[in-house]
């Protein structure tokens, strides 16, 4: 069972998805590994101060910093991402930052109704933490919707760079990561989700969305596996 | 708390999403009702024999009919949908059927790799059960990807009919329903998910995806509420 | 022949498209009127100083202001548009401004290769002339590609406002106007192109693109007809 | 001037686009060569019996076969395409056929209003002539709108094959070819239009649309150059 062998310390959904459902998925034939290609991009979604906030439990982080903050789980994902990002840069891999740019109520569409608290984030909230901040030559993709592909130049930028594989990190597992991964799958990109570099407001929703993505749209890889993958790429020639 | 008051018998995610996470979401301001408009379409996703199969437990249904069959949970959702569909037709509401048309391995894209069992379904598998089958004038949307909007004329058809609201039923909650709802939300359609007329292979994934959609993208309504909603629409003039 | 009766002073392509081709199109059945709906938006494309430049002949305008300037033909289109815009505002019609926002060579994609002169426009070039400038509540759509719909929230914004018809003005007839109109047609919006409020660098290309759009995708209306159309709309209730 | 040196027998728009406009475009900096990549696909748009009809002048072809027929100009384009297609197959290049599948009035959207004659084409009209017919392994893209990319899996199929360049032939220059080329350009594909393998109902519109595409979106190449380009590709390894 490839699905349960991917993580030697067990899967995030152990104890959440019942054994009966795991058997059902195996019986139905879901969850085969899709495999990764050789022309990847590293995609870091919404990893901004507004989704991280203070380095504390999530409810304190929400009270102390931003309503969209995740706190500890976000910073842990960021810490795990740093060596992945370094390996990607060393390998000459494009680094793409879909992110939310400052917005006003007039440009929010339906989101303002569902999640009114996302209005009123200060300028620092939209900034990237120094540890994973974009550099010259990285691809910045401002977005206003969950998916990094919706109403953005994401597809055009990836085609321009001949990308065939997305290695995905960021926030939230059940929101923008999930929607972006589903679209990437539909566009026939190969997708690896860095399971310990994505984060969410709910551990259960995080786990179940990883389960969904693993079975339908993507391979799950650890940050350590992502580092190895980037290190094993041929020397960049582009 | 609108989220927990929507269903007088409790929410599908009770006992699955911990109270702490529910408090976190409230604190962050997620999950407000979005509201429904007055120009709806009823959208029935992938409700074909291949996702229903025999009327039995899911593992027997998979063995006896189609690898993608859901069995009992699917037929229950269909039974609940019948009066919703009747009310929609009576109100002159457009009925839209995003569905999977027969396909060969050459046109499967990545899906053939992740879920090889979806190849090889027989012709009846692609048919609609009589109880909810399309009629003349309904909108048929063949699709090859999870979202009803991806690489289809879905948006064009909805714009052509002046639709502002989608009432969504079908399968699977964690797959095509979820992706379609996220896209509908991004396109600024108002969305009501008929919580007892969508179905899934895993009860836990079903519940958590309803939780995700309720908090981010859609209102959840019962089949009974959907009937009332259609009955209360003004007499059709188009 | 609806195509030739639309303009009492003749069509822009008179003397350019031969009579034989006009007969061919009639024989093939192209060019019927599509008709306009009752929930329009006015769409003003790229009408910025960078496409207008100085009020003189185009070659002087290019030398004196911006390489993308059109000069006199642009200002004439703008003069014709002013009463159209006033009528739209009076009717409470949404006014949408797809426009090019300042960009650097790193975000140009292929366009930097085909048209290198579009790099290096000063800040004023991206501003809107006072006569047609956006007001609070108007919809600003920054874009980087020819079509106003490509990689933008244009569709979402139009759906949010229940729009069924686009009245289109701006620049250039053979570029961004043409691409936007083709996409609007594909999305099943009804389209009226304000034939004397769109402008281009080449009179012949302008005329032939109007001919193409009239035959395939849109109705052509004069600025005067557009004013009448907006004045005849029912009093806004939204 | 790359634009006028591309064709040693002159350009299609000679005598149609005035010298003044050519000077204006040069002054504005349009029309630089974009260049072609090394991972092409050959894209043959709408080259079906319904757009070819009988091998005679267009008006006779319309009367004798299909209202959408082009006649001689279409067959000439097809004759030129045959060696291009052979070279592409020999080079192992993906061959993609965006085409119109049979449709009824209920699925026509706005097109039924603008061009009512496209309803009622017989089954043979949708077939491909033997000389350029698809083979096993080719990519069939059914479409209902002008652009091969609109509401189709075109982008997904090209990404799946790692394509960076489209070599485009087919019909009509001013319709589906033009719209597909504009979208391909926006998606950052490199585009070569085979200038003598695209065809149109109007020679003038054909010429002006080639002029537009050459200046804004694509390189124009002759069928002979296309053959050389495919022959010069490295031996296929995929």
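A, B, C and D are the chain letters, set down in written order, and residue numbers restart from 1 in every chain.
One rule holds for everything that comes next: contacts are C-beta pairs under 8 Å (C-beta built on N, C-alpha and C of every residue); 3 or more make two chains touch, one makes a residue touch a chain.
Small disclaimer: the values here were computed from a predicted structure and weren't measured.
The chains touching chain C as well as chain D are A, B. Contact tally for B-D versus A-B: the pair with more C-beta pairs in contact is A-B. Chain D has its Cα centroid 39 Å from the Cα centroid of chain B. Chain A and chain B have centres, each the mean of its CA atoms, that are 25 Å apart. Residues of chain B found to touch two or more other chains are 109-110, 145, 151, 155-157, 160, 186, 188. By the touch criterion stated above, chain C contacts chain B in their complex at residues 39, 155-160, 162, 164, 186-189. Residues of chain A touching chain B in their complex: 16-18, 20-21, 23-25, 27-32, 34-35, 58-59, 62-63, 67-68, 109-111, 113-118, 145-147, 150-151, 174-175, 178-179, 182-183, 185-186, 188, 190, 201-205, 208-209, 211-212, 215-217.
By the touch criterion given at the top, residues 106-107, 109-110, 137, 140, 144-145, 151-157, 160 of chain B touch chain D in their complex.
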